[in-house]
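Paired with chain B in one complex and with chain C in the other, chain A is shared by the two complexes that follow.
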Partner chain A sequence: MDDDNKKSEDPLKINRRHFFSQLSVGIGSLALGSLLIPDLFSSKDPGLITHQLGIPQFAPKAKRIIYLFQAGAPSQLESFDYKPTLKKRMGEDLPDSIRNGQRLTGMTSGQDKFPLMPSAVNFKQYGKSGAWVSDFFPHIGKIADELCFVKSMHTEAINHDPAITFFQTGSQQSGRPSMGSWMSYGLGSENKNLPSFVVLTSRGKGNSQGLYSKLWSSGFLDSKHQGVLLRSGKDPVLYLNDPDGLSRSDKRHLLDNVSSLNKIHHVDTGDDEIESRIAQYEMAYRMQMSVPDVMDIKQEPEHIIKLYGEDCQVPGTYAANALQARRLAENGVRFIQLYHQGWDQHGGLPHEMAGQAKDVDQASAALILDLKQRGMLEDTLVVWGGEFGRTNYCQGNFDPKNYGRDHHPRAFSIWMAGGGIKPGITYGKTDEFGYNVVENPVHINDFHATLMHAMGINHEELTYKYQGRRFRLTDVAGDVVKDILT
Partner chain B sequence: MDRTNSIRGLDYLIFGLTVFLIFCSIFESQLQLPNLVAWLGRWHPLVLHFPIVLLLIAIFLGLTGKNIPYVLLTAATLSALITAVTGFMLGIEASSKGDLLQWHQWLGTAVALLSVLWYWIFTSVAKRPILQKIIQVFLLITVIFAGHYGGMVTHGEDFLAIPNKKNKKIEIPENPLIYSHIVQPILDDKCVSCHNPNKKKGELLLTDFLALQEGGENGVIIDKTNLNNSELLNRLHLPLKDEDHMPPEGKPQLNEDELIIIERWVALGASDTLQLNQLSNNDILVPIINKLKNPKKKKSWADLPEVDDETIEKLNSDYINITRIASKSNALNVLVFSPPTYSDSLFMLLQPISKNTVQLDASELPLSEIAINIIAQFKNLEWLELDKTPITDVEVEKLKPLTKLEILKVYNTAITDKSIAVIENFHNLKSLFVTETKITKTRLDEFKKTNPDVVVEDGIDKEIEEFFTQKDTATVEEK
Partner chain C sequence: MYSFFNNVKEKGLQWNAVEAADRNYFADAPYITISDEDTENILSFVNKKEAESVNVMVMNDSLSRETFVFNRGEYDQPAEKVTFNTPKIILPFTDKYPKNRLGLAMWMTDENNPLTARVFVNRTWEMLFGVGLVETVEDFGVQGSLPTHPKLLDWLAKDFMEHDWDIKYLIKKIMLSATYQQTSVASKAQKKADPENKLLGRAPRFRMTGEMIRDYFLTTSGLLNPEIGGPSVRPYQPAGLWEETNAGGNRGTLTKYIPDTNEKLYRRSLYTFWKRTLPPPGMTIFDAPTRDYCEVRRQKTNTPLQALALQNDVQMLEAARVLAQKTLLNNKDSEELVKTIFKRILLRTPKEKELEVLKKYHNETLMKYSSSIEDAEKLIAQGEYKQLETDPVKTAALMLTAQVIYNLDETITKE
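Let's turn to the complex of A and B:
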């Protein structure tokens, strides 16, 4: 034994027998390895995707997305999910058979009663499709035949931050790339003079929750896919303008010299990040020209201003952002993300939600009409919705005129329009209490898969290898909801 | 001694089988086989490969003047006889024989008898080389044809035909008969290779409407009293692993649309007179049939000339964005953004990809004549955006050759009624965007009437627009 150990310590000191016995184990384990991992010895790197980046995998229906995100979670029961039963059974306790053990937030888990609360606002049916829309959203009602209402959305998260992170990145924990970054990564930019992923924010008077730049971060993807937040006011992009005294030709000169230095460094190190940095400088230079032009709403004619509502002339409002979104879409921005804060109505819902709805109703509907008359609904997909729904029982005091609703992940409504989505339909159904999905549930992963499908991407194939495994927006789940696609 | 004895034995075996084969050929119609013997027939597809290969080798050796080993010819002859005999047994199972099967049967018998003849001459004292050669040539021809007809019986008549999409796809008329134009082609495609007069599996023919009504050995397949419980549907819906699932595992399966078509057609009464226009508009069949009527674009794009990545990359610039519509497709999407100094020569750069460009966005550019002349050469354009450009009727007139256009955006331009006359000739047009042009309402209404399939967008509906511009959203009631 001792002798044997000594032999194995010195790798060169092995006899023939030892060599062969070791060899057989070695070859055996190689063979086993190749059986278990079929492409172990293939030359292609399995971490790389098999198709070309920057090109759809199949002919897409949508070339860009405008996502009108209603941050804070607007109540589905006061918007699009009409539940007359709640009126009939007003004040009754939520049946256990319906709640079915649903966990509650700390805000209502202490309540000893969960009285059903009907909508304080009336509903009407609109258009040929007969979609039910509440009186908070009369303009959206007018264009109901252009929309596809999905009433069976559901999520796992019950609090704002994880829920909104889930919606934007496909994971409740932060750190993954945002949906817009994935699209930019998969499809590239349409217009090299603008970022492919742009974010616009606005804030209503309702109870707000925070928004963080992690929601439009590119995570582990190349930083060029990160969402660019365009601010309202004089400088849409911070530090984009040249300082006083620096002319555009000086800037050109500077960039040329910097980039030749960078190129030398690139040859030395072979670091690809240098190349993308050079490209970013160049894009910033072109953005100095393109961004002010795109952001200049004054070019819009009177009737368009009226269509979106007078609000749209005030920078930083939702209406202004909606109009901006159309202009960005026209200029080839791939993913335009709007956030409107203030939808978190734990109390004073009828009043607060009326204000929130007033902010977004006309402008959202106007955006659809405007895109339609320009033929842009043919290839632009618009999404309107929040991060989860709200409970069908009231939070706090039972007062049908002034009540609140808590967070509800099990069922909520969103709508989509254009870009390969069937118009004038309603998909999915909740029970008569508006609490559980009873027909065609759509999980956030399914929603992501469907969006990617419309953009010509197979969500299972757009991957990025990071920290030893491949990631996708839908990670390990998600089915394309074919029924809502044209 | 042993050796000659065994050769003797082989001679007797060959002689016996030959007699049996001739007996079978003569009394075929009167034969009733016991189950076990009939089962032997199932070995026909297995053993048939031996005589083909062995005979071909022997013929090859013979014709090239080499020595043919005795064992080879014996094995070839024996296997030919066994194949022919098992073939008969298999053939007796078939209730009625089509032309193909008849031909295959007689050719197969001929192969067996010819090889016996050859064997006989080969083993006799007088070798007669000339006669042997003649037999070899005949045998070669019969083997090839017997094998070919046999292949057609199993795999369908056009199995070896060169794939030709155009011939195969029957044009679906505007108002198709659901049965003849939609359902039967599916059956032809996926079922008829086994349920035809030559190979009537399960006694079932699926070649025409009458045969469908008749059903097979298990009775009718369309149950008029309980349509949804028809055997036809049940078989299609069984799990793939199930032995009774149709088409059998390993054969091409029906896709989702095809399943829906058959199911719905049966549910609607499985009639042969039902037409598309008799269906209600929201019938599940309508969109599927419409899709069949307009086969996917991909197909037409397949004919586009090759374009390599290098060309695309070279033409791409800060203001021109060229991408493939989908990876590996030769169809291109071209976007042109207004550069600080614009000139029409920009479009000249695009000439190398003029045939590949199917989508072009030239909106908001100060286009002039040169650019339009170039665009007019993009004959495969399906999607063209010329909105917010200085074009007039003169330019639109030049676009006449773009007959493949499906989507045309010319809003915010100075075009007039004259342009409509040109646009009317775009027979593939699906959507037309003419908001804020000088086209008169009467002319546009006329166009809409004559082209009901084209979506015409000429501005937001007046009533809706008024609602948006008049009503102050502040008056939303609070309850």
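Let's turn to the complex of A and C:
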């Protein structure tokens, strides 16, 4: 750790230079920060995981983010980017003028032909906005007027690992802090009893790629900012459950004795770190209550279960995680990261993608509706999308009923909703082949800058000095996409 | 330096993980085969365990490739051609060294190279004192901090070289010093005069690393298997962690986590198997780096997840249970029991106040479990280590007393 960072993490140690460099943010924002995060400056209680940096730089539109990550990269051509031209020119080779030197993965670079393949599934227009959505996603179609479709996403990465790492950490090479960790570092937590960054995973039946804990790692930031994986089993947080034969009151009794002895030692040694240890034990004790409580969806009424679909009663499914995400959001978790694996359709796309879509369609839409009916959509930003797109040409045998698509980094679609994002719009455009972005490109760095902006952070100013230079989520790039902000 | 190691063709894994495992194929040529004959002679420092031979990847020095500075880092824009060398300011890389990795090794350990020994001595100092004489142990360059005691650092480095780079000698030298043996109790005046203890007027207090903490529990409970060398082992890990995040299907040896059994559960944490995409949580919770980036200096955080791991990880609970049972076999009197485990864990005699708290807790817990033997039996069913012939109620009470001590700040702190 660098001295510079230590100081910025501890308000009591701010030195003169640091104080003045903070002035660019404005003294007024300090007060704002303490209003938004009530316990911000009562740092006498070391049990808080509120971060002293926790200062939105300007009024945030979103207080939290729910990121519905579709790992493996769902095809934009069978979801939200409708391309009738592909049907007209079915089987024709991808024109060189369109491919324009794009590198291919080793999985299709050996093909001598790149025949254009239209979507096997039909599209419909929905709502006032008239957004085109495929029949794989009828529920998402119905809420199209709440969504902002970005059809001009692009990335440099062409394989899963670097591409997901890029989306989650702003760099293709692993080791940087995850987006959720940056948010936790910059804004702290709203809840004393839960971590500020949590992760939920699920897997569909489609072709899968692995996930890695480095995706929610805090990198060089303090490890209290790392994502906490909440699991579906009986131990939602690792080591949360007490052993059999030890009741809750036994545990209290045990901890009280740990505390008394720690206090004796605190007096003897004069090391205040011991006080902090006592507070962390108390927080752990509270988490043993609060986490199972948040995770217990049995408390949900019938109409909510219906909204998310029957699957949501099966722990570990995407639907259950989506419902869980809403509960965590209600409880003040700052960044909720879902992953649904299984979107890597190199073959058997129509069948596999239908299954994947069925896993997520209803529950994703339900989450938006549920947040809205609780008045939470205003300040909760929801994102749905994968790590890149898929090729408009066929991988493997040319069979319009059973085909595959390879990785395509140059253009793909995601959607966002809520917290400061304009509803019912489509941003960006691809060419008639769905291959290149022709209007308003959005790079991953731009996407990150925009999310941070919605959360009240200037992406160029939230930095951490490490190995001799300052790092940020967007590193040296990124422009806020102002057109999609309310 | 990088180009020293870049004189090789880069070869990746040639098959997928399942095939690689089936064919017992982990290293591509060039590799060396280590046999028993080698380990008995020239490679006597290698602890090879299996009778069969072991293939180890090595790098091939025979190829030399051209290296370029890329224009603004773009891989398709090679600019100036460069060749390897070392910073002259440290020690010129003269013709007396061969221009290969052997030469680099000779240069690094040359008695006129001031850097290697200083860096090593500084890291050893950091391990023992929590902070290096140069605080930025990873950086002795212009961005690093200056040494607090430059002459001491130099003297230790020289002494270390003169004693044949003997690490044990170095550690003894430091640990036998009056500075190391000071108390870590800090008076108000001391804290005010030197809050960060830069002048070493007292011993430091700092939380141990994840590896040290686990080893400490194993040692104090008498569970530690001190065996040296051999392949990595898989101790306890919460079930399902690998399975939840892998890509599904059979992806080779890393698809499922199958814990080892018996004495392999109690090896030092140094030997714990490391899956890079999902490292052992018991280590990362205590700030072990993910090994994506080189991280020389670890953070020393203090989090609720650490509190949970210390309370509920089966490895920790088992240590408390086994310590309780072993102690019960040799002691009868309540005060004696409490004193024994206290001394065993904290290596000191409890103070009057501490003993009072613990005795009272022990007695209360005894009473509690006498009325619910079933709970006592459930509680002590922790870990694979064989149950010793002790009374379940007494075991449960003493196990929880041990748990209280195991969860003290002092236990996981080096002071």
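FYI, the second predicted complex is superposed on the first by the 395 of 486 C-alpha atoms of A that agree within 3 Å, B and C clash if a C-alpha of one lies under 4 Å from a C-alpha of the other, contacts with A are read in each partner's own complex, and residues count from 1 in each chain.
What we mean here is this: a residue touches a chain if its C-beta (ideal position, glycine included) is under 8 Å from a C-beta of that chain, and two chains touch if they have at least 3 such contacts.
All of these numbers come straight from a predicted model, not from anything done at the bench.
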Go through the superposed model and pick first if A:Ser208 touches only chain B, second if only chain C, both, or neither. second
Chain B versus chain C as contact partner of A:Gln341, first or second or both or neither: second
Could you look at A:Gly245 and tell me whether it touches chain B, chain C, both or neither (first, second, both, neither)? second
Touch test for A:Phe398: chain B only (first), chain C only (second), both, or neither? neither
Looking at the overlay, does A:Pro350 come into contact with chain B only (first), chain C only (second), both, or neither? first
Quick check for you: in the superposed arrangement, does A:Gln280 touch first (chain B), second (chain C), both or neither? second
A:Asp135 contacts which: chain B (first), chain C (second), both, neither? first
Jot down the residues of chain A that show up as touching in both complexes, chain B in one and chain C in the other. none
With touch defined as at the start, can you tell me which chain C residues reach chain A in the complex? 138-139, 143, 184-188, 191, 205, 207, 238-240, 244-249, 251, 276-279, 281, 284-285, 287, 290, 292-293, 295, 297, 299, 301-309, 311-313, 317, 351, 353-354, 357-358, 361, 364-365, 368, 374-382, 396, 400, 403-405, 407-410, 413, 415
So in the complex, the part of chain A that touches chain C is made up of which residues? 1, 174-175, 201, 203, 208-214, 217, 219-220, 222-224, 228, 231, 233, 235, 237-247, 250, 253-254, 257-258, 260-262, 264-265, 268-271, 273-274, 276-278, 280-281, 283-284, 287-288, 341-342, 467-468
Inside the complex, what are the residues of chain B that reach chain A? 297-298, 318-319, 321, 323-327, 329, 331, 333, 335, 337, 340, 363, 385, 387, 407, 409, 411, 431, 433, 435, 457, 459-460, 464-465, 467-469, 471, 473-474, 476-479
Taking the touch rule as given, give the residues of chain A at its contact with chain B in the complex, in rising order. 51-52, 54-60, 63, 120-122, 135-136, 138-139, 142-143, 188-193, 286, 289, 303, 306-307, 309, 330-332, 350-351, 354, 357-358, 361-362, 365-366, 369, 372-375, 378, 401, 456
